[in-house]
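A, B, C and D label the chains in the order they appear, each numbered from 1.
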Amino acid sequence: MPTQADLFAVAPELILIAGAGVLLLIDAFAPKLRQISSELTLLTAAGAAWALLALPHPGAAWSGMMRSDTLSVLVSLCLLVAVFLCSWMAGPYLRRANKETGEFYALLIFATTGAMFMASSIDLLPLFLGLELLSVALYVLNAFFKDVDVSLEAGLKYFIVGAFAAAFTAYGIALLYGATGTTNIEVMGRTLGGGAAVSPVLIAGFAMVAGGMAFKLALFPFHAWAPDVYQGSPTPVTAFLSVVPKAAALIVLLRFAIAFDLLHMGHSWVWAAGIVAVGSQTLGNIVAIVQRDIKRMLAYSGIAHMGYAMVGVIVAGTAGSSAVLVYIAAYTVMNIGAFAVISLMSENEAEPHLITDLAGQGWSRPLAALALSISMFSLAGVPPFAGFAAKFFIFRSAVNQGLIWLAVLGVINSLISAFYYLRVVYILYMKPLPRRVPDFLRSRAIGAVAGVSAALVVLIGLYPTWVFSAARTAAKLLVR
Amino acid sequence: MHIEHLLTFVTLGPAAGALILAFIPGRLEKVQRWAALLISLAEFALSCLLWANFNPDIAGFQLQTAKVPWIPQLGISYHLGIDGISLLLVMLTTLLMPVVIIASWRSISEHVKAFHISLLMLTTAMLGAFVSLDVFLFYVFWELMLIPMYFIIGVWGGPRRIYAAVKFFIYTMVGSVLMLVGILYLAYSNHLQTHVWSFAYSDLLKAGRQLQMGHSFFTSPQMLVFAAFALAFAIKVPMFPFHTWLPDAHTEAPTGGSIILAGVLLKLGTYGFLRYNRPMFPDAWHAFVPLILVLAVIGILYGAWVALVQPDMKKLVAYSSVSHLGFVMLGLAAGTIASTEGAVLQMVNHGLSTGALFLLVGVIYERRHTRMIADYGGIARVVPVYTGLFLLVTLSSIGLPGLNGFVGEFLILAGTWRRYPVAVIFAALGLIFGAIYMLWMVQRVFWNPFTHEENKSLKDINLREVLAVAPLVIFIVWIGVHPTTFLSPMEAAVRSLLMH
Amino acid sequence: MNPTMIPIPSAWILYLSAVLFVIGAIGVLLRRNGISIFLALELMLNSANLAFASFAFRFAGASATAAHALNGQIFIFFIIAVAAAEAAVGLALFIAMYRRKETIDVDRFNILRW
Amino acid sequence: MLGSLWIIPLLPLIGFGLNLFLGWRKARKSLVTIAGVGSVGLATIAAYWAIIGYLEQPARVIVERYFTWISAGKITVDAAFQIDPLTVVMMAFVTFVGFLIHVYSIGYMHGESDTAYARFFAYMNLFMFSMLVLVLGSSLPLMFVGWEGVGLCSYLLIGFYFEDTYCAMSGKKAFIANRIGDVGFVLGIFATFAVFGSADFTRFLPIAAAHPQQYAGWATAIGLLLFVGATGKSAQIPLYVWLPDAMAGPTPVSALIHAATMVTAGVYMVVRCNVIYRIGPAALLVVAIVGGLTAIYAASIAVAQNDIKKVLAYSTISQLGYMFLGAGVGAFAAAIFHVVTHAFFKALLFLGAGSVIHACSGNQDMRTMGGLRKVMPTTYWTFLAATLAISGIFPFAGFFSKDEILGRTFAAGASNLHGFGWLYYILWFLGITAAFITAFYMFRLVYMTFHGEFRGTEEEKHHLHESPWTMTLPLQVLGVLSIIGGFIGIPKLMTGHASWNLIEHFLDPVVIPLGTGHAAEIAAGVSEHSAGAGIEWLLLLVSLSIAVAGILVARSFYAGEHAFEKPARFVERYPLLYKLILNKYYIDEVYDKVVIQPLYRFARFCWKAIDTIIIDGVIVNGTAFMTELTGDILRFLQTGNVRNYALSVAMGVLLLIVILW
């Protein structure tokens, strides 16, 4: 019997959907109002955030299918920040290609909603729905510039591989259900804890679901789509794509890891996940070195970063989960910051975004360049930036679990990554402006996005305590 | 100002200054320079206050700041303090900053603002690394150093600056990333013993001492963690064979950059050995001493040999640094009080004399835009005063008694002799080679027939440059004649440090 | 014994679903025509449905687990809905593709690589 | 003045500072002269004042501590000066001769530009400072300060005409050769600290003397290490090579630094540490051998040199050999005695040579000289006096000191010192032969330079002149000293009273008696032991006649109308031997081939091969390159074909299933 508490639990999602609806209606019936759709989106996101922070959090809701607590608040907040920043930077970007329509924002919002559902559901049913909501919206967003080949191709590829992975997820869920008789992760966990034999069906099911998530995280070997899709999609979408689904998927994996207590289920999991994690780090970093297109490079860097986050997932427990949560927060701001500057420093979306095009921008666009460099150093994990704090917590958790080899491989990888992050910086500052000065987008809004995220990066870097303590409380709830 | 805030002011002062500079419009270059200079002078004044309030009889850390929780869940806090060893190095740093700024007055002509901001940030990072009593804090400062130095080399450097900058960054990071794991492991084992999370230096010190010494290297936690720290520091020092980043960085960096690099950055390596490796992992230290000794001696001789055949003055000085820091490492490895005090003093000496050398090379480089020894010869005739100063600094760097270099090397070798006479005999050969390469350079640059006509127009060193080098020269002589001023403050600290 | 009395073992249905899933997967991997790939995807999703059905069927068989049956059966409907949504988007994409390139051979879409 | 000895070296230091300033302001020569010579003059006065004060009071050793110079752990070095008989002797002649040479330089350096003139006196003052510190220093480290200080000054002064590559090179050579020695010296210091806990003469020497047995081994080691330093500073085999080249400097420099004072520092050091050497007899033996060999070796080279200063240089080396021979046989007082007399006559010889060169407008080749005694009588007569002195003709200064040394050497043989009697006999023979050669080449020099007809060009001949009084005055003073200087050490043999041998009597307290029961007792005994009056008279006559013989041979070779014929025939008969000697036995070349070239080749190898190729190329950049290469290969997994991507997903799932199984 649904209560009001259940409504509170999903209030942010409801607000978002309402906002999206309004946007679509405007698109259809009041084309004049289109130019405010960007602002409207920001408003919606803000409203959702308000609901998130102001309304009470009943904990378990919808007869235990979802959970609305500090954890969901934290993740949802990250997601909302992400969508806020992305739609903020999307405005000018779309306007230049005069593609600004309400549906774009509506889709962004829907995707976010889906992600939030994923993050806060314990039952695989709403989880799967959220996943699909997210994916389907993203398929469209990737291909949003449908007259731009690369964009279209990105959409196509994401769609095919995505649907393929989704099918695996679905089938995996089915198997899990078959093995345990329930679709509720926690319940599954309890039945396992109750000493139910670990059947092949269960393992296969879990592997398939995990694979589905790994696909969203673009973890090796599920990463193949990422570079193409990142490069092809409109930059704001890429920014969104690079953080939102990953945040959601990480939480799902965490839920499984904790509910099933995978770490102690035997070494096989540590090996499997370890290979995936380290594989992603290594492959991501090494291949990123040789990329010429900065978006593509960041795709590989993203692969690597999810590899680090995976370490936290492996460790799980309070330490691991809190580390992962901090990582999500940090990764969100630094990535969006980077992509904001990239969307600023591009001549048009059809052309590849060559790193070398940034030459000399350090001195002609100092603030934007500064923001980008901050993101780069942060991604490289150099103090005092968010990226360092995040990695610090991750590796700490690994060391505490005696998984020192994971930590060592991780730091070595972040060393390799310094190579290509540094390249961006020195091309910004140490290479002369090209003879033909590229006419890059000039926009206060995007600048603001870059500024805000850079500021957050520095803030989290210098004083990670707030995020960390929040993450710890959340993690405790998760572990309990 | 309450005395316990003094260190905070000294450490974070430059950063604050950088912030101020950021708000001064970039086109007012003069203002920028003057502001930076004033800030650095204020810094020096503050650190003199440190000296004034420092009590040489206390062995432990003093003038500590209050412990401000930073990441309390992990027992990480903002906590600074100095002992006699770090005091000297702090003084050295704050002394060098104005020198660098004055030295860069003309040579840095573009992006002046950015240059000074990076410079000040760098200062904060270096000072922080010297004075932090929380290992996490130390690590943050330690890594923070990379970014400004990266820019200083890469933006204002010579032709191959980008290669040098990246090389510097990556090379240094190679060591420090593993150190991070080491730190984490220490904190973890500390937690195992005390069930409290802490990154405080004092706690990790205990934790490190209690680490197991296994039978083989790979099964011995203490040795592994030791190695993790040692690698970071050895690269920074740089010890042979981790030194190849240094010549490139030194040669490509602008004069100011080279001065800081040689003057302070390298000291962080040796300081790290003294502050972390030695007291934290005593057993592992003793196991590694032979290796360190050998590498130190190799460094001394090897650096000297390679310096012998350098056609480029800056490269020559760079390799001489390798040789000099070999002496420092030798002193630390020997671990007698005399040798250790000598080593610490030698850190300062090297900072002064090598800093001065780079400065003077920069002076002539500004005029002729070449650092090639072959492009000079007989210029003592046209630039007598410059020649005099250069000669003085050269002599200090080859350890002429009465100048600073001698005191340091004397103490190091005399102290080391008690334990490792053979090492001393080999190291002493370094004194000969030192004289050879330095004097040979002097001969080819200042003596010999006057070959290049374009040198006729060389202007002798001007007042600004004299002002820049003067402080260094003063201390070069002061330390040479009355080193006790600088030895006595560290006596207690070194003693207690070696007791463990 | 009278076969009308023996219920089909749920396992058979499961095996069928598995087979269908594999066929679907292979289809995706081998076919180049967008539409056929798309059909293969549908096949995979529906094989999942079948799997759900088979499990639900099994659970319903025993009174102890009868309660579980519902979860699976509900899930099927959602998957069908989702499949429909994907279908919509997918077809839209293929149309857009065709408009630009006069083909829906997915191998022709490889500007983005390396 | 006693009680504030620090003033004595301080004065020249002030002079140094003043002259630097004056040189910078390009001040007039007169000012520089006042500062430069004046400071040294004052220092001399101060020194003698101090000496008088010292002689008036009873204490034999006075140490003045000013402040702690270095103090760390077990190492403590005080900035302290010490005055004792040895110091007195050294300081007395160093300041006095130094002052004379400064005066001489006024005239000699007058041709230089104002700045160069100032620079010269600045360096000279700095040298006086360092030399005084060396002499006064109360501990090995402090002595080392002066030790390297004088080395620096010699570097600067040899390279005074720095625009001449040869001068610059010679300066560097001198410094480096000295550095090699100095390394031995510092190692000796370290050992002293390690063994005795202190390097103050008043501390570690008595300890050593008290326990000869116990410290014998270490004493040998320390003695040898310190002696390595001496071979560098005092130009003994094998490190003597720098001294001949040091002649590149202005002549007053050669006189002051490379004849009278600095080069004798080694002898001073050995005598100062005589205790160490006496309880470590092996070291003492080495000192004696090196000294003896150097004496004959250098003398043999001097025979064939034509550069007037080169001849003097090699004779200096040879004379220093005598001094070490003396010290080596335990005749420490005799060694110092010879140091003093040598300071007089060798300084005079150089100054005379300088005045000759001055007259011959810079020409130093004796073959183009001759007949100068008519034009420059003062120079000639004083020079002759010095020559007689160095040749050891009675009653000139050199006779007494040199004879003392030879006598002691023979006595050592007679008393079979350390059971190496035969060795000492050989050394005595070497010494006596060297004496012969010395007399020969010195008179060769005199004849070639002053006698016969002038062999230079006409306008050179026209330019010949006697030097100004500022130059001749010092010559005369030194001339007198080289005549009477020997009387401070008249042997007991002649007077029957040991006390008449003033210097030995005076220096007695320096030779601290050893603790009981040690072989070295004999060594100490030597100073009293004598080979018997008859033998001594015999030796005396032998050496005298040897010297005369040398002179006569020289005369028959280089004087009269048949001058230069015999040498020419000699050369024809033994061309190889002549070439060998002319080229100084090719030692420089050997060093170059065996030491210097290989060193540079090795250095280049380290740089190019190890640094650039192996470490940087292969390891550092190699790693980076390999990483990038891997990336470049791996990127092609990204085929761009979506179906492969799907495949990788499927594979991934399978992988998970397999591992998790």
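Here is the rule we go by: contacts are C-beta pairs under 8 Å (C-beta built on N, C-alpha and C of every residue); 3 or more make two chains touch, one makes a residue touch a chain.
This is a predicted model, so every value here is computed, not measured.
Visitor: Among all chains, whose Cα centre is located farthest from the one for subunit C?
Guide: Most distant chain from subunit C: D.
Visitor: For the interfaces A-C and C-D, which has the higher count of C-beta pairs in contact?
Guide: Pair with the higher count of C-beta contacts: A-C.
Visitor: Mind checking the centre-to-centre distance between subunit A and subunit C? Centres are C-alpha means, answer in whole Å.
Guide: Each chain reduced to its C-alpha mean, subunit A and subunit C end up 27 Å apart.
Visitor: Where the CA atoms of subunit C average out and where those of subunit D average out, how many Å apart are those spots?
Guide: 101
Visitor: Counting only Cα atoms for the centres, state how far subunit B is from subunit C in Å.
Guide: Centre-to-centre distance between subunit B and subunit C: 67 Å.
Visitor: Just curious, how far off is subunit D from subunit A if you go by their C-alpha centres, in Å?
Guide: 79
Visitor: Which residue numbers or ranges of subunit B touch two or more of the other chains?
Guide: Subunit B, residues with two or more chain partners: 170.
Visitor: Listing for subunit D: what residues touch at least two other chains?
Guide: 624, 635, 638, 640, 642-643, 646, 650
Visitor: Could you check subunit C for residues that touch two or more other chains and list them?
Guide: Correct list: 25, 28, 37, 106, 109-113.
Visitor: For this structure, enumerate the chain pairs that meet the touch criterion.
Guide: Here the touching chain pairs work out to A-B, A-C, A-D, B-D, C-D.
Visitor: Mind listing the subunit C positions that touch subunit A in their complex?
Guide: Residues of subunit C touching subunit A: 14, 17, 21, 24-25, 28, 37, 41, 44-45, 47-49, 51-52, 54-55, 58-59, 65, 68, 71-72, 74-75, 78-79, 82, 85-86, 89-90, 92-93, 96-97, 100, 106, 109-113.
Visitor: Which stretch or stretches of subunit A touch subunit B in the complex?
Guide: Residues 363, 377, 382-384, 388, 392, 395-396, 399-400, 404, 407-408, 411-412, 414-415, 418-419, 422-423, 425-426, 429-430, 463-465, 468-469, 472.
Visitor: Looking at the complex, which residues from subunit B come into contact with subunit D?
Guide: Per the touch definition, subunit B meets subunit D at residues 167, 170-171, 241, 244-245, 247, 302, 305-306, 308-310, 336-339, 341-342, 378, 380-381, 384-385, 388, 395, 400-402, 406-407, 410-411, 413-415, 417-418, 421, 424-425, 428-429, 431-432, 435-436, 439-440, 443, 446-450, 481-484, 487-488, 491.
Visitor: Would you tell me which residues of subunit B are touching subunit A in their complex?
Guide: For this pair, the touching residues of subunit B are 70-74, 111, 139-140, 143-144, 146-147, 150-151, 154-155, 161-162, 165-166, 169-170, 173-174, 177-178, 180-181, 184-185, 187-188, 191.
Visitor: Which residues of subunit A touch subunit D in their complex?
Guide: Interface residues on subunit A, with respect to subunit D: 156-157, 160-161, 164-165, 168, 200, 203-204, 206-208, 210-211, 214-215, 221-225, 227-228, 268-269, 271-272, 275-276, 283, 286-291, 416, 419.
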